[in-house]
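Below is one structure, written out as structure tokens, with a few remarks after it.
All chains are identified by letter, namely A, B, C and D, in their written order; residue positions are counted from 1 within each chain.
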Amino acid sequence: MTPAPAMPASGNGGPSLAIRCGGIDFHNPVLTASGTFGYGKEFAGLLPLASLGGLVTKGISPNPRFGNPAPRICETAAGMLNSIGLENVGLEGFAAEKLPFLRTCGTKVLVNFFGTTFDEYVECGQRLGQLEGVDGLEMNVSCPNIKAGGIEFGRDPRVLGELVRACRNVIAKPLWVKLTPNTSDIVLLARACAENGADAVSVINTIGGMAIDAHTRRPRLATVFGGLSGPAIKPVALRMVYQIHRAGLGIPICGIGGIQSGIDAVEFFLAGASTVQVGTQNFIDPASSERVVREVEDFCRANGVTDLREIVGGLVV
Amino acid sequence: MRYFDARIIENRALGNGYFVLRLGGCESLAGSRPGQFMMLRGDWGRDPLLPRPMSLLSVAPEGRADLLARAVGQGTRLLESALPGTRVSILGPLGNGFPEPTQATLDLLVAGGVGMPPLFMQAEHAAHRGLIDRCEMIYGGRTARDLVLLAEMRGLGLAPCLATEDGSVGRRGRVTAALEARIEHHRAATPDRRLRIMACGPREMLWAVARIAEPHAIECYLSVEEQMACGIGVCLGCAMPARSRPFRYACSDGPVFLASDLVIPPAPGQVAGGAP
Amino acid sequence: MTPAPAMPASGNGGPSLAIRCGGIDFHNPVLTASGTFGYGKEFAGLLPLASLGGLVTKGISPNPRFGNPAPRICETAAGMLNSIGLENVGLEGFAAEKLPFLRTCGTKVLVNFFGTTFDEYVECGQRLGQLEGVDGLEMNVSCPNIKAGGIEFGRDPRVLGELVRACRNVIAKPLWVKLTPNTSDIVLLARACAENGADAVSVINTIGGMAIDAHTRRPRLATVFGGLSGPAIKPVALRMVYQIHRAGLGIPICGIGGIQSGIDAVEFFLAGASTVQVGTQNFIDPASSERVVREVEDFCRANGVTDLREIVGGLVV
Amino acid sequence: MRYFDARIIENRALGNGYFVLRLGGCESLAGSRPGQFMMLRGDWGRDPLLPRPMSLLSVAPEGRADLLARAVGQGTRLLESALPGTRVSILGPLGNGFPEPTQATLDLLVAGGVGMPPLFMQAEHAAHRGLIDRCEMIYGGRTARDLVLLAEMRGLGLAPCLATEDGSVGRRGRVTAALEARIEHHRAATPDRRLRIMACGPREMLWAVARIAEPHAIECYLSVEEQMACGIGVCLGCAMPARSRPFRYACSDGPVFLASDLVIPPAPGQVAGGAP
């Protein structure tokens, strides 16, 4: 029942949703977020992948990882916590088993990647950047730095800057950096990326959280802490996107956090994002990312927006 | 597997929080196997946020599908009070399901509480193939009020062996004690019969069933319940420690697993160790 | 219709909910949060104030403040944003108009306070600490430091430590410090408080957020940014309480963030809080703080807890 | 002011998203004044989170209270589909209300869209005191389908002066044009009559009403709508720029304000300035 891929909106004389962001030309601004869309194939029967602007794969590390003990997820008010632990098939597994399908899926493919050491990041990024069918890389810097006592790479602007620089030096393809919201100043992190050659920032990753079962007196996640996602975090994500936009760093922003509808996406565009990613909502409604594209188009049509770029950063303050 | 909208046709209360929802518009579930499930969500805003996994109880022609649930939390309470005509969205059928009933086997269907639906559907499936005498339902709950749809079971040709913790109906005690008794009975009466166990229920019950099956070398299938977000193997949330690999996924590798592929914790009171 | 004040639970042979936290003896651990309970009197007809462990007033500054332009609030998924702007009657207004009632209200009174300069903090804290009827002070350090480019006082552990020390030196009464969650390391902030003589930390204040009306293209708050509160933030609050508890600083914690029920409160106790505050929920159900007390008691009774202190920090990990 | 549970007794759809909820168990609202409101919340989990302010339309003996709402967003849509028997929690009555009708005055009740309820209640109140001829209802909406409860108004003895933007009923145009016409009429016919204006409706309408009243020096009361969280003056969320103080609070100082105490923005197209 796979419907025919949606035509780029402009084909119908409708609004143009095409946009360039972080060195990639997207036919529309709606992507799916890392860790919430598998390796794409899992959704192939549920929506036409070509209707999406792009998709971001599960985070890939040099070697396969098995992730954290269970339970790994739990629901919270308008959100969920996860502590998947960056489980993935590893670089070689990805290239051999997942990439062939992705080459034919009809949408832009960004590969999310990470390492547990500086060198792993560089190695993984370099190798992924050489693979055919990969349109861009998204670096997940919310990974604990084993050599620095488990502090996330992405928390310290200086460490982050060095990491971005080192990866940039070996990656010719578009390089996006996905920022952690667990910071007192998101602009410093974005600046470190902009100054070290990143093509875009993805904003935001999950917010650190925790849940407890009062009756068993145990944490609901085996690892105690997890990452909060879903509608609950949208206000925080919007704030950070706008703070970065307002700082005028000149780096494009991909907005992420609690997006459920086209209207939510438009809010991120107004705040300064030129693309967005749909995450947790893929679990609630697996066809929602396609719907978000349609709803963005409907919004543009109803509001006299002929080109998406008219509203990017268009917040009236 | 499809994502579609269905409507509640009937919502039948069975007492004690149990209810059967009959859904219309479920043509896509027609070929489902017993043990498969769906991710189901009402049109209830963002609270609760995620869809709920629900086993199939029965699927019938013309797009009818039944499920049995018990109101225990937010989602199931909303379903309990949903009126006929209410729209729900469904992703399914999902997961693998139980093995086919065969002439050569006798399947002990071990149901604990609200874990009963997949075993009911397995029995229904056996009945449709004329194999109802190749399965036996062993059904336990806390009290008589936790054992539901007994008339429907008898209608399939089952004579369920019941157990309640308070002894209000059937054997007093846990369903696992009843299972042991039935195994002993069959071992004595028909020692050559190839027994299989298929079980669904609370986690502790499943582990106990596995510990019973193991020394008897009985092929044992467990349908497990895990927290789920996606139901289709992408969130990696429903990991189960397994033997063949560090983890298997309840939604896409299961929910039915060979007990021998799972890491069964030692019985409470027993010290861990020995097992790989 | 004011019901008779609830007896301390232990009077009935029930569980003892009495607890000492931050230098104050509470007959139960449930307080109401600053800014969500007015000056107490507003709720006097809705619940017996004496049934609460305590209440925290709206934040007081040396001079009256009129706050931010409207709109100041908006709803988000399982939460709300506010940018009230610390509007308050000022120190003298508080002492003259609000305190007389509070002296008779039958529960512990903590006065939340702030300044826009270092000196204002010290002045305000000193003066409030001398007022009869004030059982303790809660310092709100989420206020922008005008002399330091508007960065909140509470974001930099060094600045925070100095501020706490300066106030401590002039305040004899119990001094609590309310931490901002907009940080990359809440433990550093808590440590700065512990090392500089604070009696307790209140965790957390609101998380910075923002909302946009896609149709008008305007921010939903006149000030653009606001603070996120309500159930949406509970996982973040629990995480921070537990991080501080686990760090073993020896400073008591008052848990705040998204508490709606006694079970929510118990989760905070297990994470290490010895008291809690009910905030946004006062708007949803103005009698909820009294219900939370009852539900905590019910939980203890049902779970064989005879003294609340048994479960403080009792998370099983 | 009390916080209590009430039940929906009747939910009457009026078309175009308008509906009247009749609530039972509202004895505490008995003495409410027209213009007062309540904070109302259904038993609907955490989405939406906050209660919604709702004006009273009518209060009757035996604890009955009516409200009129229009389904525009999440909360009102849930109320629109709520069934009789549904429990809602209520905090009220809140706010100040309109001044009493008097023999000496003629009150022009200016209602815009779903802002009509407090003016209906004011008219009902006047009718009860035999002063219905001391008020006049001027009621505007987008189309005829936005003007509801007209029969009930006539039942009170009112002959509402209607205005619709599309001219589908009554005068074509805005309710403010109708107001101007009525003022002119009264000024000409009974120049000594002391006119008062009481208005409730969309914000732009209220400002327009204030701008009309001012040069005529007519005492003008506006019932304003603001985002509210608490309804009782503690969250300080519903601030209105005022003249006597920097801010007044819609919930506790209002919702009814003398127009002369509010900061009325200049008419669109006009340049700000002059006014303090």
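Note that in this section a residue touches a chain if its C-beta (ideal position, glycine included) is under 8 Å from a C-beta of that chain, and two chains touch if they have at least 3 such contacts.
Computed from a predicted model, the values in this text were never measured in an experiment.
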Both-way neighbours, i.e. chains that touch subunit B and touch subunit A: C, D
Interface with more contacting C-beta pairs, comparing B-C to C-D: C-D
Distance from subunit D to subunit A - Cα centre to Cα centre, in angstrom: 46
Computed distance of Cα centres, subunit D from subunit C, in Å: 36
Centre distance in Å when subunit B and subunit D are each reduced to the mean of their C-alpha atoms: 56
Touching two or more other chains - residues of subunit C: 77-79, 230-231
Where subunit D touches two or more other chains, by residue: 46-48
Overall pattern in which the protein chains touch one another (line/ring/star/complete/other): complete
Sites on subunit B touched by subunit A in the complex: 1-3, 41, 46-51, 89, 91, 226-241, 245-247
Complex contacts: residues of subunit C adjacent to subunit B: 77-78
Residues of subunit C that touch subunit D when the two form their complex: 1, 35-38, 42-43, 45-46, 58, 66-75, 77-80, 82, 84, 87, 230-231, 260, 280, 282-287
Complex contact set, residues of subunit D against subunit A: 46-47
Subunit C - residues contacting subunit A, complex: 76-79, 81, 155, 182-184, 207-212, 214-219, 224-225, 228, 230-236, 238-239, 242, 258, 263, 266-267, 270-271, 299, 303, 311, 314-317
